[in-house]
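Only one structure is covered here, and it is reproduced in the block below.
Naming follows writing order (A, B, C and D), and every chain is counted from residue 1.
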């Protein structure tokens, strides 16, 4: 794993000229964790997507530095692992195929043993040859963790980390989280108090009100 | 691209799309049904009447065009619809994704064109070709050009609503110069001997392919982001 | 701006007067006479209006593509406003071209539409404009709409020259009818050419006048809609 | 009357064109003035 540092400054996102949030700044060094809290529709997911550079902000910048060098936005994905409800897997492939296909597309080539290890970590080793379409939503969530963890990313982004997970799954997420916070960064977007208290810091986002209008609907939290 | 290399990643995207297509047959089923229905409609309407050569050339390309319209946008639309595009975005940059999908579309359309042409020649005896090399070269260049244009428009359309109707509407003015040229080249193949009779047309087709691919390369980055 | 408008007003008035009042004679003796173009005679006068209209619709397209490229670079919605305004105006001029063209075609060639190379080209331009606005209307979000429209304008801008190049070669072979070629053989004398070029300049000026109005209006609308919410 | 119009149809077309152009010209001028007024309103 490479040591990364993340700086977000003055982030703001508008949808159709309607502000979702504005002026969000934070800085995270290796070993730091951040919780993003806020009501449904306040733009937690939007913020996470912007940090992952999946979406460009209306204003502000996100910079990721690795060993002191700034990573250009289009290459940021290399240092990011993400788990989110809106991130979907290739359902026509098996768990193992999902891992190996994405691995190849990432330009890396892990060994079969490493895939096995990852699948064992998320307790999917017995279903590795089943297509994802037949998986329960909890199992899909586990597979997403395996995908996010495969490259040992410097920056882990978790949106609603416990969605669909059972007690076992939640403790697995916990241990991943502890493992990551040793020298990596974690950002968690969550509604749950339990997740937020694990983190060093919490930022609360809320839509800048304009004449009492409710924040825009549609963009999932 | 350091690790894996650009070509390796492009190949990986292509492989992913191919095996996905083999598993799901989203495009293949649509294309197969399309071919069967349109060919039989043409067969019924022509019966045994003889038609001029140009009509055959035109008709063949109308078939290929609409086949492309029914099949080639899938590769981007399915990613967008199923939300897997985010997984791709988190895994690589725009260019290899574009070229992987372009390669997939080109090969799919080449295969389809080959099958369509053979079927067409078998079913309609009026389709007589004097120069098979000219026909092959024109079909090849035309198909590559059509697939290139369809791929970038497909990427565009995947982000919009009302895609089904919009796809041919957006594509038609873009591919019209290509279609007109390739129809002419096909007509030449049916009328004249020698593979170089349609040299001018080849030049136009090749420069069209180069131009549309250069433009796609430059703009795809912007479609990819957001 | 005032001066520009006054000059434009006189300029185009003069063009209209010259275009209609200068006599068309078989044998040119005086400077203000136009030569007879076989098959067109008095109908040749529409040339001074129809061709500039077609020209401006192409100008509209080019302006739209230029601002589309700029939008992708700057991501400022103002460039999208300029790009789409140019396209909207281009569409209007393109429609006018089609109408005047087919009226001319009716009187010269006997039918409203002949699929001659230029007619087909302008028709395709019309299709591109139509597709451009269809695409715009199918996207809700501003940024995305602007980006997709810009990309489409650029792709169309790349393929359009092929059409201009390919079309005359293809159609000529399908329509060997010599009547259709009269347009290609239009022979102008110096006076005619001067009036023609003045008209081109005048219409281009008119285009940019209307264009600046459209852009200002669109900006106002844009500002109002973002404040109104 | 009809004969007169037919003989001078060119002038008729000219007159119509001139009137059309004048109409467009003054319409655009008025439009420009109205837009300027709105722009001023927006600024203040």
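Just so we're on the same page, contacts are C-beta pairs under 8 Å (C-beta built on N, C-alpha and C of every residue); 3 or more make two chains touch, one makes a residue touch a chain.
None of the values given here were measured: they were computed from a predicted structure.
More inter-chain C-beta contacts link the pair C-D than the other of C-D and A-C.
Think of the whole protein's Cα atoms as having one middle point; the chain whose own Cα middle lies nearest to it is B. Measuring from the averaged C-alpha position of chain C to that of chain D gives a distance of 20 Å. Centres computed as Cα averages put chain A at a distance of 51 Å from chain C. Chain B and chain D have Cα centroids separated by 49 Å.
Chain A and chain D have centres, each the mean of its CA atoms, that are 62 Å apart.
The set of chain A residues that touch two or more partner chains comprises 56.
In chain D, no position touches at least two other chains. Residue numbers of chain B whose C-beta contacts span two or more other chains: 226. In summary, the structure contains touching chain pairs A-B, A-C, B-C, C-D. Residues 5, 9, 12-13, 16-17, 20-21, 42, 49, 209-210, 213, 216-217, 220, 223 of chain C are the ones touching chain D in the complex.
Residue ranges of chain A in contact with chain C, taken from their complex: 15-18, 56, 210, 213.
Across the interface of their complex, chain B is touched by residues 72, 124, 127-128, 130-131, 134-135, 138-140, 143-144, 147-148, 150-152, 154-156, 158-159, 162-163, 165-167, 169-170, 173-174 of chain C. Residues 1-5, 8-9, 12-13, 15-16, 19-20, 23-24, 82-84, 86-94, 96, 221, 225-226 of chain B are the ones touching chain A in the complex.
Only residues 10-11, 13-14, 17-18, 21, 25, 28-29, 31-32, 35, 38-39, 42 of chain D touch chain C when the two sit together in their complex.
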